[in-house]
Amino acid sequence: MASGGTMTLFAQFLVAGVATGCFLILATIGFSLTRRVEGFLNIAHAQLIGVSAFTTWAVNVLLGWHILAAAAIGIVFTALVGLAIGRLVYEPIRHHGPAVMLISSVGVTYVIGGIVDAAVGTGIRTFDIPLATSYEFFGVRITDYQAMVMALAALSGVSMALFLNKTKIGLAVRAMAANPELAASRGIDVRRTSMATWLLASGLAGLAGVMLGVVATLSTDIAFRQILQVLAVAILAGLGSLYSVILSGLIVGIAMDVSVLWIPAGYRPLIAFALVIVVLLFRPEGLAGRKSS
Amino acid sequence: MTGDFLAVDRITRSFGGLKAVGGDAGLSFSIGKGAFLGLIGPNGAGKSTVFNLICGVLKPNSGQVILDGTVLSDLTVSEIAARGLGRTFQTPRAFPSLSVLENVLVGADNEGEHVLAALSRRWRARDAELTEKAFDVLARVGLADRAADSVSNLSGGELRMLEVARQLIRDPRILLLDEPTAGVDPNLQRKLSALLAGLHRDGTTMIVVEHNLHFLLEIADRVVVLQSGELLAEGSPGEIKSDARVISAYLGANHAA
Amino acid sequence: MIWAQLLTTVVMFGSVYAVLTLALNLQYARGGMINFGMVAYFAAGAYAYAIVTQAPPEGLDQYLFGFAAPWWAGFLAAGLASLAFAVLTGWPTLRLRGEYLALTTFAFAEVFHSVLLNERRIGNGSVGLSNVERPDVAWTGLDDTIVYAVAALTMMLATAYVFNRILASPYGRVLDAIREDELAAQTVGKKITRIRFEVFLISAIPVGFAGALYAMITTLVSPTLYTAEVTFTVWIALVLGGERTIVGAVLGTMALIFIQESLRVYPFETVRAAQIAASAEEILTGAIFIVMLRWQPFEKLMKKGRPS
């Protein structure tokens, strides 16, 4: 029989799971966008999260700027880095196909990871921000930063929806995602749309990086560890699907955090991988339900 | 020669709600052993789709395909091919890293294609036999002198002949050829015509999809005409040539005198 | 003297890794299968060897199994373990293509790693199993490292020989055909899934043996040694060597391991300098990787050389 205590505990983990899920949503929307528009799985996407986190840290801690300014710089910088990589590295090899691009993104991961390693060195870094303030509702604690992640995820989701449906570039992105050749023949500027996609996806990764630094402590390997969870969310959503990412992110986040009630904490990442396997073997099109090309 | 070696029995196939093949009752036709059937129809008639349905690339939504008594519905492309069905494609498919000779060789059933056999030397004798056979087949399609050549040096027409050769080395019981003369110069077309006639004489059952009616009507036993995925007409080449419905379906197309 | 030491180490570790690269060459360059989980088969072999050869648990040991078997039994067990893992992960996944297969193999490897890390009953969790049994090589009169370098080299050459035999036969032809045009291969009756599965299994066995040898060399098996880094090192080695050829796979691995080992033994002035050098190596290998994939210079050289 679930006592009041267990329920509260469950609710607590649920809240944590939602916060984790919202972070995963932020981390994964860009990844899914890249998959949808550029057509391949960019393993290096997670590295951009690290780039943003550490750039923000550097501006915030080393230069002493306010966290908001640092975050803005971090996000913009990351967006530009993502754009540069997209044009310089991925664009020229597009014709080799998504498999080669996936493999190439491993190389990109190493390059970015190496640069971050060299610049930052070892050790733990944290942002210079006020300590988290905890609020309590019905016995469940939630911090202001957790609430911030949730708010930002919601905001991003809504913004993306508006962007994709109401703006010219957004519609172009959707057209390209659906059918690049058709889009090109209808006069859509493929180059500009591609650039917009890289900026947007990388900017979102940047946002995720800032939030990561806000809620967690940073070490140089943290970025790579995110890719595993990003993959899980993206695959569960259905590769290339954007709206399902929201549902999928929440499912994965909640599953990971609530599972602590039943299985040892060390297995938490395992939930993500196990999900990947199960989905790919039994329902590769994920929640979206559409067979992606 | 009626009698069902291959029977297409009331098959239908839709794509996203649009019926590509079959109409209400489904498409049905059959071909007897050793016969030469021509499959014609205007663009979009569904000829290649029918081929895909027969050889297993697509599964019919209803109805079935029966080859010599075996229902093909649950079989994979490989399994259907293993039962003696050979098929060439509208755009010829070759294996770029293999030479012309190897492209043909790979068509044959070779025990060296099992891992353990590959480790021993047992496959050598069989491979030598098959190589001889491959040269024979290449000679029949006029590519014997190109055996060591890279596939990238072949013209479109030569690639088609190569594809045919790859099927021939398997001694298929029934051969499906998808527009074998497309993009082929008249000289090569004559060779192809002779080759097909020869195969017909040897008893190979054949279904040929063609736009070049002149080519087809000379050598086919019977012709099936498709329009919008349904059977429009069926009969001997002479009958089809003068069939008013067929002529109007092909209005403007090349129907030979 | 330092050069001799370095070279021996490079040959030793290079050969062990080269076995993995050769397996990847067979799976990807010839078989068309993207395997992002190679480390798991390596780890399966290593752990199997350690578990089979170690003494049964006692005292503070947390692991459950130890059979105290001789080293050659452990060696065989390693090959079997890797094969078993390949059967388990290969059978349901080999109908998947391209990126889906890559992700599934990656996920399987991470699951395996997570289990090794958390399940103390298998291998002491993060602590790992130490004092791994080694065969007695004192009778050779040579330095341990040299013996293992020769052993690794022999294993690598044997693997290269076997794979080459397979690829030079009609099997290699069929493999190329399947990789280049699956549908066309199907229309001549080739059983795609069976052949792919076979390739996957055959290439996994030497990887298991390599794992056992690696365990002998390091005398320690621990999850930290078997991370995705191993998988991607092998990928980089493969691409560095030009992907296609067996010789390339070996040379690419040797070159990469040489760079890594050189950095490891170089007497840097400060810890920070060593870190930066390691980072520079990461950046450099990543960059070369990208360049090789884009321009594929070896392929072009080979195409030029072929008579037309």
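Should a chain be cited, it is by its letter among A, B and C, assigned in written order, with residues numbered from 1 in that chain.
Everything below uses one rule, namely that a residue touches a chain if its C-beta (ideal position, glycine included) is under 8 Å from a C-beta of that chain, and two chains touch if they have at least 3 such contacts.
Not measured: the values here are computed from a predicted model.
Each step here moves to a touching chain, and the least such steps from chain A to chain B number 2.
In terms of the distance between Cα centroids, chain B is separated most widely from A. The two chains most heavily joined by C-beta contacts are A-C. Chain closest to the overall centre, judged by the mean of its C-alpha atoms against the mean of all protein C-alpha atoms: C. Rounded to whole angstrom units, the spacing between the C-alpha centres of chain A and chain B is 50. Here the spacing of chain B and chain C, counted between their Cα centres, is 44 Å. Chain centres here are Cα means. That of chain A falls 31 Å from that of chain C. Within the complex formed with chain B, the chain C residues making contact are 162, 165-166, 169-174, 176-177, 180-181, 183-192, 195, 198-199, 202, 306-308. Residues of chain C touching chain A in their complex: 34, 92-93, 96, 98-100, 102-104, 106-108, 110-111, 114-115, 117-118, 228, 232, 235-236, 239, 272, 275-276, 278-287, 289-290, 293-294. On chain B, the positions that touch chain C within their shared complex are 55, 57, 76-78, 81-82, 86-87, 89, 93-98, 102, 105-110, 112-115, 117-119, 123, 127, 148-150, 152-153, 166-167, 170. Within the complex formed with chain C, the chain A residues making contact are 40-41, 89, 92-93, 96, 98-100, 102-104, 106-115, 117-118, 121-122, 224, 228, 231, 235, 239, 264, 266-267, 269-270, 273-274, 276-277, 280-281, 284.
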